[in-house]
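Two complexes follow with chain A in common, the first pairing it with chain B and the second with chain C.
Now for the complex of A and B:
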């Protein structure tokens, strides 16, 4: 049963990821990535990571993709994009993909899942709750890295605002 | 045979429970529309619906029959698949949230550890219905309605999620049953008192999330005819209508569980363990209707200003205060 669910999820994730790339309509592409994210959330659920699954939907499906849709609407791509061939050397791409497949095949054939280390066994996760464990580690052990990442993101946001303002003021 | 039956029994019970919950919720939704028309009627010195059945009680059923038998029109140039899909997304996302809400001590369909997050996730998904309806209709009014809806829902979701953080901090859990139990054993009995700021922010952003007056800009009649569902007719229109009222019922139920003590009440009512839950739910639904009858619609920039400059800072302040009290008390 578990293998069946995993197989379905893996297939659905792969197919929807391909459809994201191949959709000619930008809105459809965003929607296919919504399908992708939902399947990914279910995949987290099968790994007992309830918190991650919920966050995945709230952040990616609920916020990031809605913003993507917003942007696609604003640039108004109603008609489907058709483009003459993008690269002239595209046969080389197939060669690259072939090597990539061979490499990942070689890597996966020797793959063994590592045994759980330390106190965080599956049983401990279930008993304590994923959210609590994640919170404790994030805000105690790794609080410096967490805050640094936060500041970095803040700087990026402020930078974007400053850039947009400058362009607007020059436009006046 | 018996072994199979025994193995399948939990699943069957779950399905029956889900069906019962859904049917009861649908009845509530239908009669919320009736209550709304009746209450607003009386507030405006009218009688409201009073022709179909005694006191107009069969009006919702007449409405459903009318909407079912009308012609289902798809506008020319609409994106058919998405046009069909959009109302279902809205409705299903709303209805699914009911699964994690504890109606009483022993009746919750899915006792999930991250119940609050599930509700937030589903409410963020329900905005897709509105956005896609606006886009796929291939109409200016619908498109503008969809754009407004996406901006509004994304902004108010932040405020709503932040207002619930205080509750999570106080209860120390995201499981809705645990939150209710923590409220019962707390000195205040309900979190609406210590979390008064959170409750205030939550109620306002819940009205905005469900696109109700005074925040119904995605469907502002005077500007956009009917906004995102202007091109919808018959049963698909009915689905959007249902989704809106479903949203109201779900948001009220969340407020009852997180802030008003869920199924607990001043005394036990024998035989009706869900009595207090329903009383509180009806009070909040009345509040929604009351607000609609009283307040004028906001302007769009006022709506955004309220969300980002008032509600979100208030919710953050609430988190800081709650965290501080929890730390030092």
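Now for the complex of A and C:
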């Protein structure tokens, strides 16, 4: 049963991810990624990561996708804009992808489930709950990274404003 | 769980930079005299350096280590920030981006670099890298009247996002295999298997992108050419130094036990980087593109120091980065001096006969070109000498031979500029911009190149003490 659910989820995730990339209509692409995110959330649930699943729904499906839809409507993109291929070595890209896949395959073949290292074993996670452990670590040894991420967001907003505010007094 | 008290003192320089940057961004509207931001930024750099000097220590568990290694690299970042700020106003005023956000973004970028240099937690290093990159993407495109800047910024952004994805992939794999993100503990738990090797390779791709390692250098010529010249100077030195800071700490601390494996990966890339960068620099006619390819080649030399995998190699890397700040920002300073609207002064043919018209700028350019080539008694020679010596001491004499061969190729593009300046008749006259701050930057750079070239002793001593 578990294997069946996982198989379905994996297949659905792969197919919807491909549909996101290959959809000609931008709105449809965004909606396919909604399907993708929902399946990912369920995948997290089967791994007993309720908190991540909730985050996935709230942040990705709820906020990020809505933002994407806004952008798609804002630039009024009904059909995909097609350009002539500007890369003559296009088939080489596939070769590179195949090479990367082979490399990842070789790497993953060595990926035996070794005895878990570190303190965050599956047992510890189940005993205390994801949310609690995540919170403890996020606000203890990773608190600096957490704060720095805040500065990062500030810079992202600032950068968008600097680039977009075209009509401004000359800075002389 | 070991957990030290929140030691904010060790983090003082970063906090200071964020505060000053936020101040400059917030009050840009209110303050009309934009030169105020120039002076604030300049003074703030000195204060930040003083804070770095006085606040060494470990903080936030194991995630942040303000040690001598971090301090030396922060000195390089702040030095290149200082010099870049000095060459900024003349260019920024002309192109209309002389405002608070410009200096604020430079500050945020340096803050990210500092987190990369002192971070001993992969997550923190990643966020520092993103902070640096985001600020620089915007800085490349800050001159929105110039479509080349927008193009360069967009290319850098798209490829940089891909590189970040690689970094996260590597981070996930390493976490999966070692159960920790802290460098020292990764070092303890690391056992080499194919998955770990893939993780290391992903790290090399991501950080190699930031230092413009071949074949991940494609963005460099476009971004360097399109960016405003002071930004080019800044990113070519500081962003590269930050990339090497993270590369050095991650590869020589966390992945130290896998050195025999990753050296096989790193050496071909380093050799390729040296040769491709130098050979492509030969055919460039735009001086900024030429310097971009030269910067790719210099990344190749510095990678050799990392590949050596010894303390000596790492200290040679630090020395080279420090020297590189003077000579490269000096060269870009001369470009700023002669650059005019509409791409005038960007072609290398605009340098023809410069020595006859304006002997002093030509002399400085000669000095920087000699230093980039590695001709004694300039600092560039010292940098190359110690770098190649460390490679020989690490037991790879043929690598040093290849590096010397590559530097011989490199002599052509640099000395061609010198030849144009001194042996050709001027085609058109470009009046050098008159800006006291730009001349100050050129003076400091020239002094640095000469003094380090003649008396490297105390710097060598400082560098040897800065390796973890």
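The rule is short, and it goes like this: the second predicted complex is superposed on the first by the 150 of 172 C-alpha atoms of A that agree within 3 Å, B and C clash if a C-alpha of one lies under 4 Å from a C-alpha of the other, contacts with A are read in each partner's own complex, and residues count from 1 in each chain.
By our rule, a residue touches a chain if its C-beta (ideal position, glycine included) is under 8 Å from a C-beta of that chain, and two chains touch if they have at least 3 such contacts.
What you see is a predicted model, and the numbers here were worked out from it, not measured in a lab.
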| item | value |
| --- | --- |
| Residue contacts on chain A - larger count, chain B or chain C | C |
| Touched partner set for A:109, first chain B, second chain C, both or neither | second |
| Which superposed partner A:95 touches (first chain B, second chain C, both, neither) | neither |
| Chain B versus chain C as contact partner of A:142, first or second or both or neither | second |
| Which superposed partner A:4 touches (first chain B, second chain C, both, neither) | neither |
| Touched partner set for A:57, first chain B, second chain C, both or neither | first |
| Chain B versus chain C as contact partner of A:163, first or second or both or neither | second |
| First (chain B), second (chain C), both or neither touched by A:75 | neither |
| Which superposed partner A:155 touches (first chain B, second chain C, both, neither) | second |
| Interface residues, chain C side, partner chain A - complex | 1, 3, 6, 11, 18, 22, 25, 34, 59-64, 92-93, 96-99, 101-102, 104-105, 108, 111-112, 115, 121, 123-124, 127-128, 130-131, 134-135, 137-138, 141-142, 144, 173, 176-180, 182, 189, 193-195, 197-198, 201 |
| Contacting residues of chain B [partner chain A, same complex] | 79, 82, 112-114, 117-118, 120-121, 124-125, 127-128, 131-132, 135, 143, 146-147, 150-151, 153-154, 157, 161, 174 |
| Complex contacts: residues of chain A adjacent to chain C | 103-104, 106-111, 114, 116-120, 140-145, 148-149, 151-152, 154-156, 158-159, 161-163, 166, 168, 170-172 |
| In the complex with chain B, residue positions of chain A that touch it | 27, 31, 34, 50-51, 54-55, 57-58, 61-63, 66-67, 69-70, 73-74, 129-131 |
